[in-house]
Amino acid sequence: MRTMNVAIIGGQFMGKAHSNAWKNAPHFFDLNIHPVMKVACDLQEEPLKKFAAKWGWQETETDWRKVIARDDIDIVDIATPPGVHRDIAVAAAKAGKHVFCEKPIALNTAEAQEMCDAAEAAGIVHYLNHEYRRCPAVALAKRLIDEGKIGRIFHWRGTYLQDWLCDPNFPLTWHLRKETAGSGAQAGINSHSVDLARFLVGEIKSVVAMQTTFVKERPLPGAVAGTFKAGSSGGGQTGPVTVEDAIAMIVEFENGAMGSFEASTFAPGRKNYNYFEIYGDRGSLLFDLERMNELEFFSKDDPEYAQGFKKIIVTEPCHAYVDHWWPPGHIIGFEHLFHHGVVDFLDAIDRKTSVTPNFLDGVKGMQVLEAGLAAAQTGVKVTL
Amino acid sequence: MRTMNVAIIGGQFMGKAHSNAWKNAPHFFDLNIHPVMKVACDLQEEPLKKFAAKWGWQETETDWRKVIARDDIDIVDIATPPGVHRDIAVAAAKAGKHVFCEKPIALNTAEAQEMCDAAEAAGIVHYLNHEYRRCPAVALAKRLIDEGKIGRIFHWRGTYLQDWLCDPNFPLTWHLRKETAGSGAQAGINSHSVDLARFLVGEIKSVVAMQTTFVKERPLPGAVAGTFKAGSSGGGQTGPVTVEDAIAMIVEFENGAMGSFEASTFAPGRKNYNYFEIYGDRGSLLFDLERMNELEFFSKDDPEYAQGFKKIIVTEPCHAYVDHWWPPGHIIGFEHLFHHGVVDFLDAIDRKTSVTPNFLDGVKGMQVLEAGLAAAQTGVKVTL
Amino acid sequence: MRTMNVAIIGGQFMGKAHSNAWKNAPHFFDLNIHPVMKVACDLQEEPLKKFAAKWGWQETETDWRKVIARDDIDIVDIATPPGVHRDIAVAAAKAGKHVFCEKPIALNTAEAQEMCDAAEAAGIVHYLNHEYRRCPAVALAKRLIDEGKIGRIFHWRGTYLQDWLCDPNFPLTWHLRKETAGSGAQAGINSHSVDLARFLVGEIKSVVAMQTTFVKERPLPGAVAGTFKAGSSGGGQTGPVTVEDAIAMIVEFENGAMGSFEASTFAPGRKNYNYFEIYGDRGSLLFDLERMNELEFFSKDDPEYAQGFKKIIVTEPCHAYVDHWWPPGHIIGFEHLFHHGVVDFLDAIDRKTSVTPNFLDGVKGMQVLEAGLAAAQTGVKVTL
Amino acid sequence: MRTMNVAIIGGQFMGKAHSNAWKNAPHFFDLNIHPVMKVACDLQEEPLKKFAAKWGWQETETDWRKVIARDDIDIVDIATPPGVHRDIAVAAAKAGKHVFCEKPIALNTAEAQEMCDAAEAAGIVHYLNHEYRRCPAVALAKRLIDEGKIGRIFHWRGTYLQDWLCDPNFPLTWHLRKETAGSGAQAGINSHSVDLARFLVGEIKSVVAMQTTFVKERPLPGAVAGTFKAGSSGGGQTGPVTVEDAIAMIVEFENGAMGSFEASTFAPGRKNYNYFEIYGDRGSLLFDLERMNELEFFSKDDPEYAQGFKKIIVTEPCHAYVDHWWPPGHIIGFEHLFHHGVVDFLDAIDRKTSVTPNFLDGVKGMQVLEAGLAAAQTGVKVTL
């Protein structure tokens, strides 16, 4: 079996999710390329060693440039906050490494474009981890659309709501500063909705928007500088939140569909509510990530007296990825979407092809996000 | 018992719903004023006579001006399309009749303002029938907000979706022409959402929007001119749709909350999906008119390990209006909201006070709707 | 138009629901026989007069025998508790009156059989008001079964849960004494489930069961003796509950299907949860009375990757009864099922035919209920 | 770190689920005992080798007796069909190995008792893998009950429905023969419901039941004899199904609660519908395994106007096991319940204590299952 050595940069939430995927994808899927978990990299040596031991990364390194300089690394997995994506990705591409990159792609379109250009120039496989495309229920939505079961699409309604920032005492982590996060709800969660909309409906032509910041000042995190981690509150000092807490956009798609987006971390009771509705002239689709093993499908092909939203439990062997998991009704969880990403990324390397979403999708998605932010700031429609 | 004579103008869908309310409210509620169903008015004599017989209107009349000229009429119920609301309402007010008026209030703000001024000048009781305020579940939402259970409101998300215009062969009825309807989804359904938002959250300060017309040409209705009714398709000739099929707005409320609205009759599977979500710093609310006996309520006052959206079946005697109906779990339907309107309208007359929503609400709501249309046309934020 | 004079016996909860149906059915449906609300009868003169005035019954009478003796009464509507059904129904039938009778039919099978025999001998139209057969969603379930969409039925799971008896201080009303109610949850609510099972699946062959009484002693009602009404608690004295609070049955149907029933008024949160599931080799059905405008339907005829429970909103013009009500998605309520009963009952009289469920259904249903009670008492399977 | 060597017997569906748990539990949880995946055992050498390689079992062995004879094995994981549980478990216990055993415990109570006696005599830690007790939502149900939030329990309603045997061409696998499975739906799925009922409500005192076999003859599997695996259809020959396809039981608990159970694999649309309802005098609980990250909770402690079933998303750090997984709303799947079993089993070994459910629970559960089968066969109530 062919093997490839993987280096991961970033050992927090996403480091854990990615490590789990590298570790387990080979157990559930038959891979032509077996990933070897070679080296883990983060800034702080102690937590890094613990992280590496926990997940079986063979070595550790605190300088990501040294990781990329190594000849024995084939794949670089970027699991850091977005502020350093561009530097790492460009360097990795130039070094000829394939790149598996966590979303959002970067701080802005210019950075994303640089990453995309470097990756294309190097001829590497690049993947941007908007993992929800690889939810079996979303894959089924795509299939139904591609088969014409939805027909001409009239409406996209994408909503991504969480509630973890409601508490005004939640500290001013990197997510809440423009220089480290690019933007707030827009980058953190709406980027997922925009990626799904582009995947399922098509490209976006114009946008109007509004945004707001409900909590304008927050306690500084007590964590030591120099970690990628979201720190806990400390000190007593506060600092300004420099990104939006919530944003809403209305868009026109190139195919004439109307779309709406709404993203907020100020929605009590919504934990990871990545929800969308699609309405077309043949049928409709509803998806809720909190019930990610289900897809609702309304079809005008059903007899008139028996039409309704059908709750499909997307756990049959005929559904994408599912035959590698468990019997019908035995649901999978959030983490398994990362496994699907690893599987398809390795398969693209093996077959010398590309995988989506990739850095080009990152660029296009970021253009929409930036257009939304600009529209919100000016109050004027922005055409892409 | 005191009685008052009612005249109804308009004998179609809303004529039926209003008649049913005048007929039945006295059976379920103890009223100080007993409404006498005196005269029904519509343009076409034959269907009008049948309508009047069906519902027990004592007399018929095809000229609404004659109805208003009668001394024995105390209450004028306007159940026509909005194109004639202004003329009827102003005349009725000037004649000293109390006015019960179907929504939308009129074709535009100017007309609405005229109605409001005339009504206020005459000192009559005026009611605008946005009946959903009187759904027990909506009344409970209001109660929870007023009690502080939701706290500072962050978000309003109002959606009103139906699917009856998806069919491109649906004829060009009065709803689809600007001169008879004022606007399309905005006037027809979004007006309800705006009324609910104003009722539950507060006044709106600014708006951005987009709108679209998916089906630009439709068959002319075969129905004879001169009826208020939506005719069936006929002829073979077509005409242009001059209103929007769908509209979406993002707004800022005066209290700082962010709001979104989306209204469309191109959403297959959505039959009468008047849905809203409200998120505040203490809790959240969800309402779906298709399940109008239920309200979902999330409270941060619950212990952390037992928080969740609670589906309240709003059929207890302690809920608004319910003790007049049936035992718990024995649900009421769409029509009963009209009864509640009649009850509260008569009560306001009896107590010589006012009732809401009224023509002033109509004016304010129409201002928001017009601002949304203007924002959609210009692509620029409109401040009210 | 042909008219018929109706007399109602019983002016409490069911008297209200029946009166409403007699009053309103003619407004919504085109009837060949117009019911005239002639006389209302109950034991207590004062509340009776108020009731009659409220609903427009022309006359009152406190002796039901005098009502039946009148030549001008065509239809007797029995809306009393079951203890007096037999006497009234037999007398009415002998007097040649058509009988519209509230469920449960009587205190036991012997009484039910007497009623059935008398009705058949007299050649009258007799109707037993298990109103849930006339819910449009239930009618759709029947249609789907009759069309073969469910195939060979494997399972019936009927559940009827409420919570109004949880409170041990709820008084010892007529529902809780064997001599006035026949049995408890079995007669009060399980009778509905058994009727639906017989309607949708078929006749029952054998039964095992268990029952229990959670609260064995309750306060005596303070209400004056001699009313049909459930009184409020009074006195301080208590008396023994002589019926079951809850009962569960497992049955075999004649067609080989297995069935289960569970009925209880000790299920907090369940208000009027008349719920059933049907599973067959082609598909499945789910119904919940608390969401009575919906039916869920699973079909194995759908493609394998798109199977799921479909939530049909049963408010389309093509659904039974619905074209007389409101547009799609504008739901109807509990009360409207009574209207449907009145409509079909009058139609049967007009067309000189019969209507179901009738007293024969009452006999067969009661046989199942009694078999269940016997099985519960003995612990031994009872074959019908 | 202390390590222990694990041997697994059985490499099919459950072999996969258990292997995954041994492999991953250490990544997510901090364990005092680190499990070493030493040897995998199944009857067929070739698939076994593939299985072992896939999951990282260091060695393979086709004779389970040799595995148990090894001194270097500390833990025996029995993942075979139940027909061989007794022999393996007794031998393993006598050899002083700790035993992690898949459900159902054995073919009957006598076997289960033997296992329990051997385990207790040997002083080993024994665990019976009814994994659903370790679903965070079920753990929350237990917590709410223990805290008195449900109060005196009136009702347990347990249902376990699947649909994989509806197809009459599904072959006669080991699940369908009494000698290999013990019983059908009773052993396969109702055993889970009974375990949950014992966990959450208490011990069962008496039972009535019915059972049925819808498809009495099935094609013989084409698979070679001598594998633990469910074979695919082959040959053309058929054989008799010797177990029940569906069973329903009604029970009385020792604490006076009434219970019902229904288990079937003939319920189209139900994939892994392990559903229960619990009603008590303070509140109620609902759980559906197909939405296993949620628990519904109704509380009479809420104010009367705001009572309702609350859908708790059981993914908060304060919920059992959850802090080892992902942020709120990022759901876990079926497989993770096995990880929880491994964690608690190893913890019991480490702390020299016991874990539940264990072989004693297996005995008690099996007594209920056998009582149910006996009641179904005789039609007479069985008292335990």
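Per-chain numbering from 1; labels A, B, C and D assigned in written order.
One rule holds for everything that comes next: contacts are C-beta pairs under 8 Å (C-beta built on N, C-alpha and C of every residue); 3 or more make two chains touch, one makes a residue touch a chain.
Please read all numbers here as calculations on a predicted model, not as lab measurements.
Residue numbering at the chain A/chain C interface overlaps substantially, since over half of the positions present are found in both copies. Distance from the centre of chain D peaks at B, each centre being the average of the chain's Cα atoms. Overlaying chain C onto chain D using CA atoms gives a rotation of 180 degrees, to the nearest 5. Set against one another, B-C and A-B show the most C-beta pairs in contact at A-B.
Inter-chain centre distance (chain A to chain B, centres taken as mean C-alpha positions): 41 Å. Spacing of chain A relative to chain C, judged by their CA centroids, is 54 angstrom.
Separation between the centroids of chain B and chain C, computed from CA atoms only, is 35 Å.
For chain B, the set of residues that touch two or more other chains comprises 270, 307-309, 313. The touch graph of these protein chains is complete, with an edge between every pair of chains. Against chain B, the residues of chain D that register as touching in their complex are 140, 143-144, 149, 294-297, 302, 304-313, 316, 318-319. Only residues 154-155, 157, 159, 161, 166, 206, 208-210, 212, 214, 246, 248-252, 256, 258, 260, 262, 264, 266-270, 277, 279-284, 298, 300, 307-309, 375, 379-381 of chain B touch chain A when the two sit together in their complex.
Chain C makes touch with chain B in their complex at residues 13, 17, 19-20, 23-24, 26-27, 54-56, 162, 164, 270-273, 289-293, 313, 315, 325-336.
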